[in-house]
Amino acid sequence: MSIKFAVLGAGRIGQVHARAVAAVEGATLVAVSDAVEAAARKVADSYGCDIRSIDAIAAASDVDAVIICTPTDTHADLIERFTKAGKAVFCEKPVDLDLARVRQALETVEAEGGTLMVGFNRRFDPDFMAMKAAIDGGRVGTVEMVTITSRDPGAPPIDYIKSSGGIFRDMTIHDFDMARWLLGEEVETVMAQASVLTDPEIGKAGDHDSVNVMLQTASGKHAIITNSRRATYGYDQRIEVLGSEGMVSAKNMAEANIELAGKDGFGTPPLLNFFMTRYVAAYANEIAAFVAAVADGAATPTTGHDGLMALALADAAVLSVKEGRAVRLSDVTG
Amino acid sequence: MSIKFAVLGAGRIGQVHARAVAAVEGATLVAVSDAVEAAARKVADSYGCDIRSIDAIAAASDVDAVIICTPTDTHADLIERFTKAGKAVFCEKPVDLDLARVRQALETVEAEGGTLMVGFNRRFDPDFMAMKAAIDGGRVGTVEMVTITSRDPGAPPIDYIKSSGGIFRDMTIHDFDMARWLLGEEVETVMAQASVLTDPEIGKAGDHDSVNVMLQTASGKHAIITNSRRATYGYDQRIEVLGSEGMVSAKNMAEANIELAGKDGFGTPPLLNFFMTRYVAAYANEIAAFVAAVADGAATPTTGHDGLMALALADAAVLSVKEGRAVRLSDVTG
Amino acid sequence: MSIKFAVLGAGRIGQVHARAVAAVEGATLVAVSDAVEAAARKVADSYGCDIRSIDAIAAASDVDAVIICTPTDTHADLIERFTKAGKAVFCEKPVDLDLARVRQALETVEAEGGTLMVGFNRRFDPDFMAMKAAIDGGRVGTVEMVTITSRDPGAPPIDYIKSSGGIFRDMTIHDFDMARWLLGEEVETVMAQASVLTDPEIGKAGDHDSVNVMLQTASGKHAIITNSRRATYGYDQRIEVLGSEGMVSAKNMAEANIELAGKDGFGTPPLLNFFMTRYVAAYANEIAAFVAAVADGAATPTTGHDGLMALALADAAVLSVKEGRAVRLSDVTG
Amino acid sequence: MSIKFAVLGAGRIGQVHARAVAAVEGATLVAVSDAVEAAARKVADSYGCDIRSIDAIAAASDVDAVIICTPTDTHADLIERFTKAGKAVFCEKPVDLDLARVRQALETVEAEGGTLMVGFNRRFDPDFMAMKAAIDGGRVGTVEMVTITSRDPGAPPIDYIKSSGGIFRDMTIHDFDMARWLLGEEVETVMAQASVLTDPEIGKAGDHDSVNVMLQTASGKHAIITNSRRATYGYDQRIEVLGSEGMVSAKNMAEANIELAGKDGFGTPPLLNFFMTRYVAAYANEIAAFVAAVADGAATPTTGHDGLMALALADAAVLSVKEGRAVRLSDVTG
């Protein structure tokens, strides 16, 4: 029996998820919705599904689950609405930029006994999964220190930045989730640094482009996150985990696995420089995991709580930069 | 307008090509044929096409092109039959194990003005394509020496080996094609060595499992090919090309791009150890290239002549081992 | 004309420097001094020099320069004494564990017009020098972020730790110096985290074994330092520098540059796991640089001021951990 | 008790060996000889030894061993003379370019009960030694295939080439020795290819610059050697050994272990491009091994027989190119 899906929002990421639903066994794409007719049309034509309104999808008896890819400020409302309509919900991160609003939405999901998966795609990257499997298999002993390097090839448009909630909530949020996942223990304190080095316009917009964060858990484990909005050599996505018995690291992905040698030395191509290319397998795996969880009535591998915690860490980082101090997570979550 | 396809032979490689046709824009899978009903059924169900007999496909007005994935000894006949039926033909290598029969089939194709692409999938591997582009872009100067390392994780069943035509015609044939492609000049002489090191049963079947070949062109360019039927660390597929200005090499593909460090040092996972996993992108690209060529009425990127030449090099290698001498390609092609 | 040297302290590092002096052109080892007769004897026999008392060396007319390798608590006194005696002084880091005492010693050196080089050997490592040359040559544009990973194979004895001044002053001090050198701009604020993860005895001794530090300069440049007293895979010494145009990184050094492949994948040997083996070239280059500076009457490449600043950063890190806040360097240097 | 050495020939390689003798414990450099006074003077001054004539050294009671670094055509005579004079002899390869003359010299050494080590420095390279130790330790199972890539950064002067005995005897000879060492079994047949690709002057001098060789042992093991007189990216020295259980490979050595990343991708420096720099450790280890053997009265790790066999393989390769056939080693050794 196939689970019937609707995709809400047919933008870039909506298209990625629509394709994933179409490709996964056990899932059928029934409908797509988008305020922009042409965007919806493109998905409908590519994967042979209906175009419907949000209202129609909420009311539809032939839709079991929805994938929310609409603008961030609609996420919490849609999560509540579709949970109440009895649909399983997959929502792109973040649930909301406001922690209280996130908490409220999660309470609604819980009250309704709903299913909510928040899209932290990186947990489904094959290399990061292999790394996690190595850790869980005891290959590095007890985890002590997680180091995450995450640099974008270039900054998004200033207009995007202005409504993004800031670099910690927009970009570092992925790394906060990875840190929690790999530490295997909740973070207790957060210290952060931030500056504007790549483009003064980002500073004028009230944001930063170069940040570092240190996290510490109650038992003393550490995570370090380093972010930049600029990396001329491509989309830099590296993680390493030091444990009592060793270390595991995941390497970057290049455009091609070739090497050129000449009088100036040896060269390899730049990194894949677009998140959808870099994480193409992760996006497909993520949707497959959601389908499997819904089909089995099982817990989703990432949850609304994960979304909440990552946002809380971002809020703590913002506060740490502002006040120049170590912020306890409890200062933020109350 | 979409090109309508039938796949002949629904075994392992037939399934791969069926999936590729289904996924490529501009192509539609119309029918599949296989002597084994269940095999054909699996493809038909997966991709929503008819099951038809070979005869019916040859006669069908709604089939523009066929992909031949049947046993080797049927290839030449089917090429001739479908060419005469006006279908564009993609045929898995080899066209035939007998050079004269290959030549005859190619003459038929030419006489009919037919389209024949022989499946040398490796030319469509993204890394090898990037390597070729670097060479064609002058990044290594004039090509001087091509080194190809190609080792299978393990030997195929003895029964397969017995009917394979021997390691040079079954396994090295891919490397002969790569050597020709990368040298950019026809080979003039062949020297080969062969022995049985991994399994005496292979020797009893009249074949070898460990071979090396040296090729030389008229202008003195070299290629070296090294093959083994056993590589405990996975499917070893490396190429390097030395030129007057530098060198370009393509690296192996591992199961995951992670590294584990511990008291014994640093470790990375084994190589992908199955040709369909290793060359998944190559198979898809190959069919896409065929579709594009048929759609444009253009020459196919690999041809029947390529199939003929690779087989001739294999025959020369067999003769070189037998007679312990450098064999001129003209000794074999007559 | 050769510069005549005496080595004060014939322990492990004293022997390294004695060998370096013996090997460098333009330098002659004249005398060695050590409270332990056998230690001095070993150096004297190996390199054919006298054994003399500290007093005798200070008074000697045939000694131009001394290398101080005695215990830390004697450094400042010896620097002052030998500067006053008109000898050029090379002193192992740190000058002293107390910032005020360091400042006092440097004032004496300045008043005397003396020459003092403090031993930060890593600046003389060939790979780090190549990295610095790349930065200075504009290969990465403007430096934005320095990331230093420095992990010891194992902790020193607890007795050593007790008198070491703590991990920031004993171990991180090298990384503070590297950060300053590579940032090319003084640090303004320091944030640090510390915990005990590898051995509770270290905690009982009042120290930490796992620390992270974030540094920020006035213009917003960052450096991150991560230290652990344990790395099962060897002596982990990596640096990377992100700039506006690219990144440069220096890799670790393994016991041998070989790779083993087998059914479990690919393996390379552990890292060189002893600082004297890892930095053998750096120690030699360091002494050669001192000899060259003395011979030319030029400024030494590392100075007493460098020693002072690295210690100030360590003090700031200690304070940051204690008070859970960003510490301005001026809070420490007064 | 220290072994007293004289170095015959104070050219480039003579200086390397003189320095090695001076640095090795248990050895003393007593004398140097060279037809060119200035060359001898340089060594004598650097290491504090006498300048003596060949005659004087042969007659000296204070010389236990000699290192022959004179021109090739004097090697056999000097080996015989100094063996008869009761000195242990280390001789640079080759013993002679003529196989019969080599055999004669070895017979003399044997008749005199002399000690002769032929300088195949690569066996003493730390990475190749680690590789050999891995093989001997059973890490790759039974050796099946040795692949040696050896490319010089550039060709030597034409005058050198004219008297070199040809590329197989001058350059490949090192690889023949490595192949024998790593195969652990004598070679039975040789096939070789040769052409002139880098400089037509080399062809006019009757030599080749680009050659490949395939070796096969009685049990069917293979070795492949590939040589070029030109590699723009540095001195390319790689070896890999495939066995029944896995593979071991030794990597190249770069000028520095740094990596630069930028918009064009990732780059590492060229390889060390001079044999004395690349093999600096090997030369030192080689002399240390000779000293140890002489001190212990033990067999030297490389022998006159090794020199003979490597030359025989070179002769077989020359014949294979000339006659276009597989040459049995017994065709050459008679």
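Read from first to last, the chains carry the letters A, B, C and D; within each, the first residue is number 1.
As a working rule, a contact is a pair of C-beta atoms (placed from the backbone, for glycine too) under 8 Å apart; a residue touches a chain by one contact, two chains touch by 3 or more.
Note that the structure is predicted; figures quoted are calculated from it, not measured.
*Asks:* Please identify which chain has its centre, taken as the mean of its CA atoms, farthest from the centre of chain D.
*Replies:* A
*Asks:* Report which interface contains more C-beta contacts, comparing A-B against B-C.
*Replies:* Pair with more contacting C-beta pairs, A-B versus B-C: A-B.
*Asks:* When the centre of a chain is set as the mean of its C-alpha atoms, what distance in Å lies between chain A and chain B?
*Replies:* So the centre of chain A lies 40 Å away from the centre of chain B.
*Asks:* Return the distance between the CA-based centres of chain B and chain C, expressed in whole Å.
*Replies:* Centre separation, chain B to chain C: 58 Å.
*Asks:* Where in chain D do residues touch at least two different other chains?
*Replies:* 232-233, 245-247, 255, 261-263, 269
*Asks:* Going by the contact rule at the top, pick out the chain A residues touching chain B in the complex.
*Replies:* 126-127, 130-131, 134, 139-140, 245-253, 255-263, 269
*Asks:* Show me the residue ranges of chain B that touch chain D in the complex, using the header's touch definition.
*Replies:* So the residues of chain B in touch with chain D come to 142, 144-145, 147, 149, 151, 189, 191, 193, 195-198, 210, 212, 214, 216, 220-222, 224, 226, 228, 230-233, 242, 244-247, 324-326.
*Asks:* Could you pull out which chain D residues touch chain A in their complex?
*Replies:* 232-233, 254-255, 261-270
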